[in-house]
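The structure under discussion is supplied below as structure tokens; questions concerning it will follow.
Chain naming follows the written order as A, B, C and D, and within any one chain the residues start at number 1.
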């Protein structure tokens, strides 16, 4: 029986060429798998047809948008996940869900190998292969671009020789990855980190510098899940989509940063993530209102580690599972409403209300009704400072620093 | 010999009344100490005169603006210190420098006691008293507002009865604390956390929603110290002042948040810190370019703990000193230039260059000149994922989750 | 209706006297509550009768040994909880379970107040009062020893005057707190931290220096729970008791340390915890075998914070709950057997086996059957070291350090 | 001009054969470098001669024992460095010092390449190559055992064919690495993790189970450096050596553990580190006495990360340098004396004294002279518990768990 290879298929030049190349090189049958994560562009049927035209024995297309929103973007939102305090893990979140579909397709089609089109200097190869290793440890992995040094030029020649139905001239000057959680752009002139991005780079967001009216939005959360926007019930996917649209129209969520890749180099990245940034901003402030202080402080460490793990390709890992247990527990009371103004590139919270609030007006107020017993403070302050006071006495006597 | 009390003096109603009250209650002589941290308002001579008119035996006024900028704001900048990822520690940084001047004045004037006007439900009492405990552990502390339940109403009656030279009608609807690093505002109607702030609350920043032209600035750092703006050499104080002015004119640095006070309650705070936010934004991105990945990751934990410690009144503490040693070491190569656009409430980095950069164009580029050896990646990915793969195999066999 | 006070009752002098004193001072009826946590000593009926004889309107005695073992000691075991890397939280674990019984008794008897006999310089007052605040926030707290400066001398006079049925001459030279998880001793001559403890201090452990035969034990864990000893099924309580006996006979679990109390001072403490130390030692090594590396590394931070929280009286707190969720998830595969030699003060693991082991003989062995692909290593090493290599090149060129 | 290769030379079979093999395969001249780290065994002259006999053009032997003790073991002591809370980093500490000598020799002899004899599944390859990458990033690395799959069997044939002056029959059943900081043993029968080690495995330590008299020792530290033993001034090297001898005679410092290697597998390791364990035990307790609480708590995280970094081969890295700055600062007052009993496998502290002590008898004592103001406690406890109390009220009202 002929071996089968499942290929992560985007519809583009590289992976279209890979179908035939893998078949020729290995003698295997190739099954193409394309997953819709809200990246827009061509419809899935077109992509499916192209895969078959390029020689795939079968082509699987899956609408995984709700799955992606609920099982991948939502945990990231609850973790306020921002790698290097900035990047909402757009591509990093998408790889595990693609891996899941690849592993399922491999099982269904009896494949022994999974193939992907990643290069050897990016993070995505790690996310693909470590993910496959976790979900289907017996599958082999094929990475033609990396392990056989495929280039765009070679791919064009190959496609033209075989007359594949691909427009080889359609080349963006930018290298782009996008899904409903955001959009990542790399490109030649941005590799000089002194160069500023130009407006042409962006697609999810309008120019924040252009004058326009502000947009006020109220987001309702229930246990850390966004469940309504301006009072209208939404799914997680709809929440992201609507905020992509409304926050994107205000130019919110543009990022320009130098980033530490797992493979050990720094790279320059441009991101757009209007919905993600708006949702995380709202969620963070609702946590300020509903999380107890010590829990909030420790959660920041959990959030950082969560972000690093997911960035580093370890979505499917025991530590990720245990951090998720912590985060899920922490969300028990993260319920309420956040009012936010979207304008000129910024999502600014200006109101919050929650039946689970830990903000206590009577303890906080300096006006009438103050319930805080100030006589307790003296003892607190004295004992709070006692260790540093004893140390200071020692230091004064012993003469250092 | 008559006992002496050193009083942290602001020139306002509460501490003006305190001069006489302390003298009457305790029989001590009161020395007033006022410190200029760039808070603006009345000049120091006027304040000095008022203290004497209110009964102080002496009044010390100190211009500590450079000291504050260099020894307090600069470490906060190098720590990218943002309590709860937001608040640049405006008031928290100022208390230790005031404490230092109080302790010096107490020593100089032979005082046995230090007095402050803080309430019992805020953070500042802690910062004052723990600071005094560390610098001068033998001094006693007097806190009339907290320990003798002084109120504004009582203070007005007292001032009028004694005909003190204070305008008791001059009452801001807001409770404000400000210095060159920023401005903090609390007020009655903002204690309802659903209420949005109004434009009237702000003083350091223009309305970011008003259309105006963008302002581009280049900030030069040398080992983590801002040393030039647009090529002109500046002191740290000047850097903060100039950016307060330029970023403030663009509405940058407004914050509206619910915050966890050390005394155990949540409060709602409005801040303005245009210079601080602009400088921290620039410094963070320069660190992205010049700090090695593992160092940068761990530094985030150091930064968080540093911010908590300083917020919690532990500026003078052994842990703070040791964290500073870490941070100072980390700044060794944080040198270079950051180009930033200031506009509409946002400070956005769009260029960075540094002779100490760890960004390596030849390793990062996907174009010609690529020096990254992609053949190394396969082995890396395999071993990187090995622990989670082994765990995944176990989990699949043993049937949990 | 007469007010009621629920008193944490030990049967000793201080709390026996407190019954009558509280009644006289406050006019309230006193309900005494004694909880058996395996501390040994008098039986509960004797204690109950004494409380009534001393004037309690009711006396509640509860055998909470299994509850304590399963709901308090077990989470500590799974957290490998050792405050300052040493102290297994003997007293810290017992306070929350006592608090739970006090809160229940207060509810049942309609009490408005809870009373305890702790001093003002220890940790236990915090654990009692913060615990009560969390479980029954409306209850008031009375702490006669602390707030009314009761001393042993005053108590003796009071008891003799009223002819209370207490032997006031029975005074240990040591201040002791004990339960099934261990025993804590403080005493006068040990307050000089240069003084060594003497054999007379110990009660749970034999002298480890005396020659005796070693004892080998096999402990079986199921998902982090000790379920069998030498093949015989045990409850958690039985596991602790049997190991207290067997490890105690070998002198295991003695600790002598200077400790950081929450109230800001350092104290010197002697502990004995033979069962706790033996179980934690075994559990740690089983985790070495069954936890994935990243999970194990992060769990150490969780363990440290868990221990600090519980030591600091925050058993009932949102952060503790969220850390527990992490720990519970981590225990999913902590199953298997640990063989351990108990001898001369040490519990030494010398064998481990588990069907959930992540130790893979074929990957680890240097003998025949080696399945580890060494060709992967070169790429791994190169990319692993790339960030520090790039930094080193920069440092060499730029001439610092 | 002929290329030169610097080889890390141990004098054993593998590296002796490597001299000739490298010369033949590459045409390069081989310079052998052997470093004395207190591992004992053959003297350096013998080793030097053998290298030359095996074909080295030059052989460098260096006595680096003091350098190793002062610059590598001492920082580990000050970090209380125990990987996985157990392993004092015996081999991990030695690789960077060897690397330093290799890099110096390479520079001196104009070599372009460094060679080592590590396999591809251990940690040492990483420590060598990452270290070389940091100190001399332009050097190439040759790893014959790993990259050319050399085995012991091949080496014997090669040696016999060429009549090399090596006793090929002298084969220990154990794979051993040792230096003054400790000794590591791996071996065939221990790869079954249920097998207990036998007495024959050990060399640095006597059997702790054999009856003998206890040995009491007083160690004096000055700013974290051990400077005297029983009052006699010692160098760091002498401190380690003397305690290796005295603690080793009592069977102290044996470890048997399953360990997480950097390359992703778990391995079983036996260690002996009598001096290291005795010194770390003493140092930890002196820190209990002299470090302020918050500093001590955070230092534990620094210690863990320090241990992981060094274990993982990142001795020469920016993060290591910054952690060292923290640790050095923390040691400023770690001065004083620790009295310790060495007996039956345990080093037990039973006395400590220090002029820099933060233990304050008058604050700690329950006897006469108590200087602790208990009236402060009530306020402290109330505000300490306020956040969890507010959260508990919310939880009770809102009905979750």
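To be clear about the criterion, contacts are C-beta pairs under 8 Å (C-beta built on N, C-alpha and C of every residue); 3 or more make two chains touch, one makes a residue touch a chain.
In this text the structure is predicted, and so the values were computed from the model without any measurement.
Shared contact partners of chain A and chain C comprise B, D. The distance from the centre of chain A to the centre of chain D, with each centre set as the mean of the Cα atoms, comes to 40 Å.
Distance between chain A and chain B, defined via averaged C-alpha coordinates, is recorded as 32 Å. In chain D, the positions touching at least two other chains are 260, 263-265, 292-294, 301, 314, 317-318, 321, 357-358, 360, 363, 375-378, 380, 382-388, 390-391, 401. Contacts between chains leave no pair untouched here, as each chain touches all the others. Within the complex formed with chain A, the chain C residues making contact are 260, 263-265, 291-292, 294-295, 298-299, 301, 305, 309, 314, 317-319, 321-330, 383-387, 390. Contacts from chain C toward chain B in the complex involve residues 292-294, 332-333, 355-358, 360, 363, 373, 375-380, 382-384, 387-388, 390-391, 394-395, 398, 400-401. Residue ranges of chain C in contact with chain D, taken from their complex: 84-85, 119-121, 125-126, 129-130, 133-135, 137, 143, 146-147, 149, 175, 186, 188, 191-197, 208-209, 211, 214, 254, 256-260, 262-268, 284-285, 288-289, 293, 296-297, 300-301, 304, 308, 312-314, 316-318, 321, 339, 343-346, 348-353, 357-361, 363-367, 370, 372, 374-378, 380-382, 384-389, 391-393, 396, 401.
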